[in-house]
Amino acid sequence: MKQEIILAGFGGQGVIKAGVLLAYAAMKENKRCTHFPSYGAEMRGGTANCSVIISDSLISSPVIGEADTVIAMNEPSLIKFEPRLKKGGLLIYNSSIIASKPKRSDIELLAVPANEIAESVGSAKSANMVVVGAYIAKIKAVSPESVKSSIPIVFPGKEAFLTININAIDKGMAVVK
Amino acid sequence: MKQEIILAGFGGQGVIKAGVLLAYAAMKENKRCTHFPSYGAEMRGGTANCSVIISDSLISSPVIGEADTVIAMNEPSLIKFEPRLKKGGLLIYNSSIIASKPKRSDIELLAVPANEIAESVGSAKSANMVVVGAYIAKIKAVSPESVKSSIPIVFPGKEAFLTININAIDKGMAVVK
Amino acid sequence: MKREYKRPEGLSKTIMRYCPGCGHSIVHRIIGETIDELGIREKTIAIAPVGCSVFLYEYFNCDSVQVAHGRAPAVATGIKRVNPELIVFSYQGDGDLAAIGTAELIHSATRGENFTVIFINNAIYGMTGGQQAPTTMPGQKTTTNPFGRDPKLAGYPIRVCEMLATLDGPVYLERTAVNKAVNVLKTKKAIKKAFQLQVEKKGYSLIEVLAPCPTGWGISPLKACEYVDKVMIPYYPLGVYKDLTQVK
Amino acid sequence: MKREYKRPEGLSKTIMRYCPGCGHSIVHRIIGETIDELGIREKTIAIAPVGCSVFLYEYFNCDSVQVAHGRAPAVATGIKRVNPELIVFSYQGDGDLAAIGTAELIHSATRGENFTVIFINNAIYGMTGGQQAPTTMPGQKTTTNPFGRDPKLAGYPIRVCEMLATLDGPVYLERTAVNKAVNVLKTKKAIKKAFQLQVEKKGYSLIEVLAPCPTGWGISPLKACEYVDKVMIPYYPLGVYKDLTQVK
Amino acid sequence: MKIEITIDESLCKACAYCIEACPKKNLEFSSNINKSGYHPVRVIDKSKCTGCGMCYQVCPEIAITVENES
Amino acid sequence: MKIEITIDESLCKACAYCIEACPKKNLEFSSNINKSGYHPVRVIDKSKCTGCGMCYQVCPEIAITVENES
Amino acid sequence: MNPDIIKYKTGEKILLKGNEAFAEGTVRAGCRFFSGYPITPQNEIPEYLSWRLFEVGGTFIQAESEVSAINMIYGAAACGARALTSSSGPGISLKQEGISYIAAAELPFLYANVMRGGPGLGNIAPCQSDYFQATRGGGHGDYRIIVLAPDSAYEMGNFPKLAYDTAEKYRNPCMILADGLIGQMMEPLEFNFDFVDVEKIPTKDYVVGNCKGREMRVINTLHMSTDILEKHNWDLYRKYEKIKSEFTLFEEKYTDDADIVIVAYGTAARISMAAIMKGREQGIKIGLLRPITLWPFPEKIISQLAQKTGKVLAVEMNTGQLVEDVQMAVNGKAEVYFYGRPGGNIPTGDEILGVAKEALKMKNVEPGRINVLNKI
Amino acid sequence: MNPDIIKYKTGEKILLKGNEAFAEGTVRAGCRFFSGYPITPQNEIPEYLSWRLFEVGGTFIQAESEVSAINMIYGAAACGARALTSSSGPGISLKQEGISYIAAAELPFLYANVMRGGPGLGNIAPCQSDYFQATRGGGHGDYRIIVLAPDSAYEMGNFPKLAYDTAEKYRNPCMILADGLIGQMMEPLEFNFDFVDVEKIPTKDYVVGNCKGREMRVINTLHMSTDILEKHNWDLYRKYEKIKSEFTLFEEKYTDDADIVIVAYGTAARISMAAIMKGREQGIKIGLLRPITLWPFPEKIISQLAQKTGKVLAVEMNTGQLVEDVQMAVNGKAEVYFYGRPGGNIPTGDEILGVAKEALKMKNVEPGRINVLNKI
């Protein structure tokens, strides 16, 4: 198994941390993993993205050429990373914010109203967890248990949000079912 | 003709300027010449020296291996540069200040009481001109006229000392006769 | 009488990439208005520092030079000496101006170079992610003061205007803030005066602007403005620190 | 009672290579005496700057570190933080301290590092042959001010003590001179106090000493002392600029 | 007297400075979300606006334009 | 009371500071030239010396030693 | 030693950024003094150390500039501390004078350059364009720095021990040359060495401090006498030759049967490995020689491999720097190819594989001269 | 142009120090802006310019540091002035960040490094140990500086015109790499070019200033987009290749019948000439290849001469830097020897002749590898 995932969105949407969570879960399962973030120069309003690779065997390059999965949290990210998907790859996108439709027909689409779901569980900030939930439900690169048990480590001190985040993951998973 | 001269003394004794004067006079006579100074780190009390080469043909290296002439204005300079003279070379030394005698027997010696002569013409500062005089009288690398007419250019603004310096040169030349 | 409050010509149409509530944007607008009002756009050179305002060359509608971190006053000196008719302003953050650029700050001031320094004191390194600035407040948490700035270990904040006021070079030094409307208006007055002095070849001036950095401080924009009032202004009193002129 | 005036143990036997009448030598002797009187020789580290005093590691009878031009306070910081029990003094000329080393000066002061800075203000770059220093007087001729320093082009001299007094870091700042016996005695008192404060872990102090440089100024030693009196002291008033202690 | 206030919703980053600054308490967040994901500010009642320009003065984004002919 | 003043001629660089500083005007240049080429300072009259140490204080070369037992 | 300060057990798997792994690794290796100045993409190093050094009783100073930071290091190293600074391109440039001084004074210390795009302000993306500066001494004078080039979070975490030990052995500065990717990337790693008890690091006989009962000591780089400075220069030269003969590290992969050898370090080496793996699937025999020390450069092995394969391909994230060392090692005995991606763009494995194939096809190439394979 | 400001007639013989000749030469070539900071052995440059620039209506600034000086240059060059700074080792190191910026912004300017002994504070005697720094870019990022190495007061005086013209032609910094001897030595010289009327230097289309009636201009080195920065890097690369092909200068002497060729620049070249003259008297055929541009390095001619003679001897006042460029040029086709004198000691002609004789005698030497002839 090898999954190469690009997560992208506004700075502040938590895509980098979502990627760390996936990598952490993978490590817990004794899988190999790499996580590589990339920021714009801007603190806010710019875009941020990260590349996460989860694999059963040694990962030489942490750089993703063609991605297995793209998770786009806003419109600029969709525009930028849709072309980077490999044929038949999975595109998860945040339909709460993204108005336009993805263009390619050779990929699998999964629209997740992440902001709305997140607000429904108590915090707009957990939109990133919603898409993580959708992703692991769809691809099963890591188990929900590994992800959930990694949350306290990846988001230390944010125990208050723990339940919200777990609920967000569950709701995200539910989108797929 | 090629003359390689090392002039050395305390900082402040004017050895560097004396060297420049010789070089300037040489240029006036359309000879080739180089002048290379060397200072210690100290402003005063340290030693300074310069290497002057005067030649009828192209000078490749301005650095003197074995000198034709050494002019030593104080004791440390004598000690340091006496060994640098070539066999049969000329050692001019300031006998006003240097108590010890030069050691080598394969060189020509010329003791010049430069400070005393300089004081006798009106300024202890012209001791450097005294030895220049002695040198040109002895070696004739450049003519007294070239040297004297170069003084106003090498010591600009010091017209007051012009006569003193010229007298010092004459007295220095007289030592040799 | 018609009053119009709208984007000045001194600014380009480019949307500024600062965070919500960032003080930089407000000061940019003020400078843009000043450029318009003094009619100097065509001869103005903006010096972009390294810091969140590094992209200001995209925002100002005039020639500009983007320079190394802290060296804006040196570059401004080079420009102004070669071409004294130009209007040059250096725009610098607290890290840029009061840390790495300390020597350039002080020496351009003591030389009394005829340019204008706009100094954005936001008590933090915004661009690099919120590390301690030389003006970070005692007790303030930053990414390199995880327990809050301890003056015993990390030193005391520097008061730039007070320090420069000991020099004979500057003609005009003032500290203002942009944390509320009344202070914004005072900042405008100060910046305009500083530029005016340069136009009149009167010499060096520096305007220190206390500015909110909600992102770097990890609080909301409104809370950040309050922080300026409650914490910063008491340590950095607003006012004129030097004024050798009679210009109104 | 027996009083002995003789070469202190804090100094080595090496003959100092300064010019006749150089102020550096006098201050060296004072520091040497201070080291003796406080009994700190074995734990003292001298920081040699680049400048005429670059060889001070040969003159002081203690461990020392010769450092890059202007960086003595940074090096002192490194030493003192690693080993707070040592007594560290940085000894710097005006070029070293107030030109190239401006940032290190100000930031070590505002950090309130617990070391002592001896600042020799001789209004010139002695070592490199008499160029303008940041403290060169208006009108003073130097090898890079052949027509005398023109403040309009070359700026105004910097008053270091006044500038540092605006910071919260230092505990003790004083300006003295060594141009005559009475001032020499005051300098001794100030330097001893500064070291004493360090021993007591009270923090940062700087003593600025106005010192003659007959060679750099191109005048005789006695005339140089007069120059200090007539020209320098009026611009750089002697006295205490900051004192947060009660130490006598 | 003609007073004209316009807010460019696409520029607003919802800092709330203008809301705080308006002496007439005449500004509020709208329920829309703009392209950058913010709820932009809107004028509650255009006729109440005095054209004082305080909102303009504090707006970091120059999202507000006020024309005041008097 | 015992006062002992010694001047190390080889160290003196003839700056004249001590001459200027001596309240008794008890110091002068000697006619000797030392190794460095200077006329070093000498005490005019040892018995007139009060042992005040002013000459020591100003001497850059630490050429002067004064012992004052009183 | 207070056991609380040992954060991770030796061998325990953790997930950290390269920069964090490096910071933790230095503390673990005995670093107790850091001074530095923020710059992307290495900020995690000072940020991590700002609390971590506090925990272990060390000193963290955010200096007013890189110039000041390197000189604080000079002071700390003069006292024998395991001192550290880190930066990226522009900051490392500012440190060159200080580095030259410390190298001249023969004080050991460690610094990291997490490279970004240049020249000038450039950008903050991963790049390898400071190779010349690192290996040729960007500062003035005849001196050399030992340069280690990690290719993973694992090596970022574990090189500090090796670096300090080697630096102290030779009394020479040692540098970690990483890039934005190696610094920013997270991957699981473990520490392969036990937490060093700083109390047990032997004190050095050159450090300044308490001079009781011994001659006074001077740390100095000024040698006015040309004879003394010349001797010092040759002493340094001999030391460097010794380091060359004793401390040249590299990793060889799939070179046995290779028809071409890629020479690459850090990120470029990792990505080259992806190319090699894919190439192998296609039956194309590419080998990798990864220099781990960039200075000393593993010239002997490269010379051997070059003669064996006849073709060497240098892959770098710049416009050609290490390739000069490759050229010197090859000494006219094999074809030398170069492929570079500067400016923060990272090549993909496919891209490198394509280039290697192209090099394999090329004929009638003058041995020893550099053939640039970028389309420019 | 006020005729009073022309100090010396073209062709008139004058006696000046190398540093003074250089200073006068820059003014003559149109320099009207100097900022620098004192350091031995180049102080005559600022000292001369402090009054000379005043005479010609230019600007002289003694900056507070070398860092500030180089950034003032950035500003002056951004306005299109012929700007100048000068320093020696430690100061040049401090300028590396600024130089990287100016090279990135592609602004022409001129600077001189009058080399002294290093590393660290070293000493103030003539030395050549900053060759790597000069030719490999001591600063961060992929950039190159055009480096001219004068060997006489004549060249110190006359290179500035060439340097400014070339710098402006390619929009690239240009450097004069001299040493304490070349800077301090006096010898007669004359200027071979007429005093440049600065009013007549064409204005450049990139300078900032009056933006009336045109698009606003930006001088900038920040390129956040990796694609844009990569393009910029390759643009620079292409420019450097162009300079290489168009502007490589050298002097060849007695190479026609030589059995060995000495490669040396500056002072080392002059002294090598003394060795060669003496050698010729003794019937020993030594030739000299003096690189005048150190970057671009005259590799083609050295490659040719190497193949012809079979023996190349690099002579430097350091422990071996230029010899690496020689090695690359030779590419394994000839024996490579090195003789160095670091620390401010200047070899004598006899010394070099002795070394050359030794090299001539040596047999069974591996071609292309460096053989150090110093006894160490």
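The first chain written gets the first letter, and so on, giving A, B, C, D, E, F, G and H; residue counts start at 1 in each chain.
Here, contacts are C-beta pairs under 8 Å (C-beta built on N, C-alpha and C of every residue); 3 or more make two chains touch, one makes a residue touch a chain.
The shown structure was predicted, so the numbers you read here are calculated from the model rather than taken from an experiment.
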How many links in the shortest chain of touching chains run from chain B to chain C? 2
Among all chains, whose Cα centre is located farthest from the one for chain G? F
Length of the line joining the C-alpha centres of chain D and chain E, rounded to whole Å: 59
Distance between chain F and chain H based on Cα centroids, please, to the nearest Å. 54
Roughly how far is chain E from chain F, centre to centre by C-alpha average, rounded to an integer in Å? 84
From the C-alpha centre of chain A to that of chain G, how far is it in Å? 34
Sequence positions of chain B contacting 2 or more other chains: 41, 45
Residues of chain H engaged with two or more neighbouring chains: 61, 64-65, 67, 90, 97, 101, 120-121, 123-125, 221-222, 224
Flagged in chain C as touching 2+ other chains are 18-20, 54-55, 66, 68, 99-100, 102-103, 106-107, 129, 134, 154
Chain H residues touching chain C in their complex are 32-33, 35, 59, 61, 63-65, 67-69, 71-81, 83, 97-98, 101, 208-212, 216-222
Touching residues on chain D, where the partner in the complex is chain C: 99-103, 106-107, 110-112, 134, 151-152, 154-159, 162-163, 165-169
Sort out for me which residues of chain D touch chain H in the complex. 50, 54, 66, 68-70, 95, 99-100, 102, 125, 128-129, 131-132, 134, 143-147, 154
Which residues of chain E touch chain C in the complex? 11, 13-17, 20-21, 38, 51, 53-54, 56-62, 64-70
Could you list, by residue number, the parts of chain B that touch chain H in their complex? 20, 23-24, 27, 32-39, 41, 59-63, 65
